[in-house]
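Each in structure tokens, the structures are laid out below.
You will see chain A twice below: alongside chain B first, and alongside chain C after that.
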Partner chain A sequence: MNAHNNLIDSIFEILRNIILRGGIGPVIPAIIFLFFFFAMPLVVLCAFGFVSIDRGVVDWTSISLDHLTSTIKDSLFWHIWWRSFWVGTVSTIFCLCLGYPVAYIYTLAGRGWQILILVATISPLLTSALVRTYAWMVILGGRRGVVNSILLDLDLIDRPIRFLYSDFSVILGMTQIHLPFMILPLITVLSARDLSLEQASLNLGASRLITFFKIIVPISLPGVIAGFALVFAISYTNFIVPQLLGGGNYTTLAVQVYEFIVVILDWNKGAILAFLLLTSCFSFVLGINYLGNWAMKWKEVTR
Partner chain B sequence: MQLKINKINKKFGDLDVLVDCELKVMDGELVTLLGPSGCGKTTLLRCLAGFEIPDSGNVFLGNQEVTNVPCNKRNVGFVFQNYALFPHLTVAKNVDYGLAVRSVPSKKRKELVDKTLALVGLNYLDNRYPKQLSGGQQQRVALARALILEPKILLLDEAFNALDAKLRISMQIELRKLVKKVGITTICVTHDQIEALTISDRIAIMNQGRIDQIGTPSDIYERPNTEFVAEFLGTANIFIRKVNNGVVQLARGLELSTNYNGEVTIVVRPEDFYITSENCKEGWIGTVAFKRLLGPTIELEIAVDEVENLLRLSIPRREGENLNVGKQVNVSLTDKKNLVVIPHKVEL
Partner chain C sequence: MSFNDKLGKFLLIALAGFSLLMLIVPSAIIVAISFTEKAYIGFPPSGFSLKWYSEILNKQQLIDSAVTSLWIAFVTTVLSILIGIPAAFSLVRGRFLGRSVVTAFVVAPQMLPGMVIGIALLFFGAYFGIYQSNTMVIIAMTVFCLPFAIRVAMARLSIMDSTLDEASASLGSSRLGTFFRITIPQMLPGIVAGGAFVFIEAFDNITVALFTASPRNRPLSVELYNLVQFDSSPIVAAISSLEILFAFLMMLVLARSIGLDKLRV
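Moving on, here comes the complex of A and B:
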């Protein structure tokens, strides 16, 4: 009984030290959690790409780079990779072009409009991305889709336009679904900006347009970089939108990972693709951040 | 360039921020708008820059009316309280900004930037970013950025606030010299009376949206128009007295004649008192309640029975060396002519 109490006391003592001492202590629970439920599975998944798996039995002794080299040599892989990259980049650029004006108008608007913009931005996140993707299928779908039926009724077209199952529909869907992740960091940065800079620019004779491009845009670069990296990462790795809005023949790297692991059950191939998808995604995000830091070297300087 | 402000009014909602403000500034003159926070001085300055448009009244620059000219078409220099330097541009690019948006040829721009940076003594810092500069250097960049466009007038909004006390004084002197060298008409806004006295040709004292008094620093100090002005600029001992048949009694044996009727406010500056230990026929008898040394002078507060407030005195250091707290002293006036008598207004 006594030993039991001592044990409990010492556990509390350790916890108390972790919480009260500050420093790295308070992060430890999160690190432990992430280690077991994020880092470990990721390592295991990636490891699957470098060993041979026979009917669900992993042979840990057969470490080789065979799966990796055969995948990289495959021109189909590069074809699919290019599509992932291209779709991700284009939809991210669209998100930026559409999101920036919204965030900018937010900072000029009165309190009521601001709340409205914020609600309109965030509320789509309350429904699942899957549901929103299906909604796009209803809107864009064949003869009886919303858009086509309206155009047909107005006699603007003779035959339904093939919106669905194309680059267009994938990029449209992705842009809409990922827009909030672009708008929110932009709002954060733009609404914290110093308004006297704009007045200074006007005072020095610049027009509002020049002020916007020479002052406001450069000042908001941290938000642009954050939004760009975030939206690129989730667009590049999104597999629901390409699968549903791109159709059966439309495939990206992320879709391939899903198919190989869940449908075809070729874990080796799936794991290698996942490994390549993740490492390339990381490199792109790091690259974007590097470019961002280079463009914002004025922010880092010290006396 | 000459500046004329004609009966400017401005409201924010129901609040009267500016009420019938009138001001005329000569070419090359340096005028300070001085007042407590919330008196409307910054709003008046922003009306001159075009950041605010007055509800009524006119602003003239030279012979031209600019009341409704947008702020980017006025060519009026403005130095912001926080300097508002563009953080992503180097010092040279900041100074160059106004020329660049006017598409001045790049060779001429380079020359002008070098010349203007030399004028404020910063040409060795042209490649730095604003974050790398000290407060004083940032202020000089802001000045250079405004002056390079040869603006019609220069406006400074609390431009010395961000500097520490010692640097502030030297920058104020430097600013005055610079502005006089360039010969530009300048309006400064401040709540700091020392700053106003240091830099101004004339001071306009503002109170609750109105300009109470305009004059040279010594004018305003020696002949304040209102009780507010007297108390705001420098220290003032205020006595409110009733006039009897054109005569008002300030203290025992001290009588003044005046043309005013009813109640008057008599302002006595701290340096117009003197102290004597001998018995005196006129003046006050009191005890020293507080004493502090301010370098060349000593500030004393004297408690007098029949006067509600403590008398505040300023005397040369050597004369006050043995006047310790608790000591009984006689206080009198050096010269009755120095007193200011103004009609007493009950503030609503």
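Moving on, here comes the complex of A and C:
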């Protein structure tokens, strides 16, 4: 029995050494898994934008930039891209304006309010984006939509207002759905801040408003940048909200990618659009981070 | 306080209140509507009945897709934990060349939209003659969710005390005992929280599933995606309410395991 135990012990000793002391060993399954099912598929996705696919068969000899050049020469593409960019930017700015006060109040509130804020922020995050988009379809809908029925019942309007299928509904839905992604990074930065700085500013006679803009906002800049980049990236690439709240004629770049791949089944075009969506998204995120770092340096100089 | 300060404070509280209402109210409206007696969606909902919930049980297709989704979520969670937890150990406690590069690589899928991961796997499979299936959804979901599991476990590990293992061993506990009594229990909140997050994400994610699910055996999210567009009956509200309830249950799990304020996206 003892020998048996010793054997098990030594096996576990080896396992434990691999896991606890280990070098690269335990992460290798993750690397292999992601190499085959993430890195290689991404390469294939990008490659599909630069070759011809005929009835599902890839012709590797046909490598060219034709799909890319014909896409970016198309003025419709730029029109659609502009809408993606615009909708993403506006809803991200709204998220910042609505999220910042929540995160700031979180740091001043008592435990009860803090829990309420966390529940209000995290429960939507765990609820499917589809369900939350559907909620806006119900709220903004036509004659039987929530807002319209209330306004009609109160005799404030004679006929239902058309909220759905517009920039308004898309931006409103996106802002609400992505708000938690803005609030959480802001809470992280604002909770970690040094309260004595504000106290010093107030003691030295600065008003609360000036203290807020001169002390608190600059300190929270890393969170603002992180939240802004994250929310912009998910807004820019969201195709569910534009599709459901924007209606059939409302196309953004992400919606086009979906349509070309699933509906039209033109994978070449879909792949090149996905490639452009991804690279432009990364460029913007890098740009936001660059601007943010620049702003932080500038702040340091003026201080 | 000056007038400006008061105005600032008022604006701050008003905006924060508005955001909180905006976060909660839409879901609350859906839950309220799901109890209506009428055959269409209207507000305020009239009467109280559970008939739309029992209607769900009458639709075999919905039950089947819910079972499919639960299966996908379960396997994805197990895979993410089995691959993710050891990886986190290595990335936090291991010392090897290129650790930061490896860390960046394994959390990279989180930086991409789910749609791109779904499409990439769809194309990759098609190139080798493999078609959309639940297996493909599971693989795509695992790619998408693995970073969550790894990051939650890494956060947990970095606050864990590795000297406890050594203390346990030096006090005469067997190695097996140390591993199961000290290391795993300390790690458990991270595993549970990561698992809960992965499970709910894999259950209701639509952007990945839409491209990788087979047209026949559809997960609930894809089924719901069609219903939302073409079915105006309150049954959609009833399904949505169940998903909201499910989200709350998962939030309780997160709150009990690592605490809501420790959650990072």
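Assume the second predicted complex is superposed on the first by the 268 of 303 C-alpha atoms of A that agree within 3 Å, B and C clash if a C-alpha of one lies under 4 Å from a C-alpha of the other, contacts with A are read in each partner's own complex, and residues count from 1 in each chain.
As a convention for this text, contacts are C-beta pairs under 8 Å (C-beta built on N, C-alpha and C of every residue); 3 or more make two chains touch, one makes a residue touch a chain.
Because the structure is predicted, anything quoted here is derived from the model rather than measured.
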Inset, instruction - Scan A:267 for contacts with chain B and chain C and give back first, second, both or neither. - result: second
Inset, instruction - For A:204, decide between first (touching chain B), second (touching chain C), both and neither. - result: first
Inset, instruction - Figure out whether A:296 sits in contact with chain B (first) or chain C (second), or with both, or with neither. - result: first
Inset, instruction - Name the contact category of A:254: first (chain B only), second (chain C only), both, or neither. - result: second
Inset, instruction - Answer with first, second, both or neither: which of chain B and chain C does A:165 touch in the superposed model? - result: neither
Inset, instruction - Would you sort A:58 into first (chain B), second (chain C), both or neither based on which partner it touches? - result: second
Legend entry - More chain A residues in contact - chain B or chain C: C
Legend entry - Touching partner for A:77 - first (chain B), second (chain C), both, neither: neither
Inset, instruction - Could you give the residue numbers on chain A that contact chain B in one complex and chain C in the other? - result: 207-208
Legend entry - Complex interface listing, chain C residues touching chain A: 1-2, 4-5, 8-9, 11-13, 15-16, 18-20, 22-24, 26-27, 29-30, 33, 40-44, 82-84, 86-87, 89-91, 93-96, 99, 102, 105-106, 108-109, 111-113, 115-117, 119-124, 126-127, 139-140, 142-143, 146, 150, 162, 165, 174-176, 178-179, 183, 197, 200, 204-207, 210-211, 221, 224-225, 228-229, 236-237, 240, 243-244, 247-248, 250-251, 254, 260-261, 263-265
Inset, instruction - Going by the contact rule at the top, pick out the chain B residues touching chain A in the complex. - result: 49-51, 70-78, 80-82, 84-89, 97-98, 101-102, 128-129, 131-134, 145-146, 149
Legend entry - Parts of chain A lying in touch with chain C, wherever the complex brings them together: 5, 8-9, 12-13, 15-16, 19-27, 29-31, 33-34, 37-38, 40-42, 44-45, 48, 56, 58, 97-99, 101-102, 104-105, 114-139, 141, 144-146, 149-150, 176, 179-181, 183-185, 187-188, 191, 207-209, 212, 230, 233-234, 237-240, 244, 254, 257-258, 261-262, 267, 270-271, 274, 277-278, 281
Legend entry - Residue ranges of chain A touching chain B (in the complex, touch as defined): 194, 196-197, 199-208, 210, 214-215, 218-219, 221, 296, 298-299, 301-303
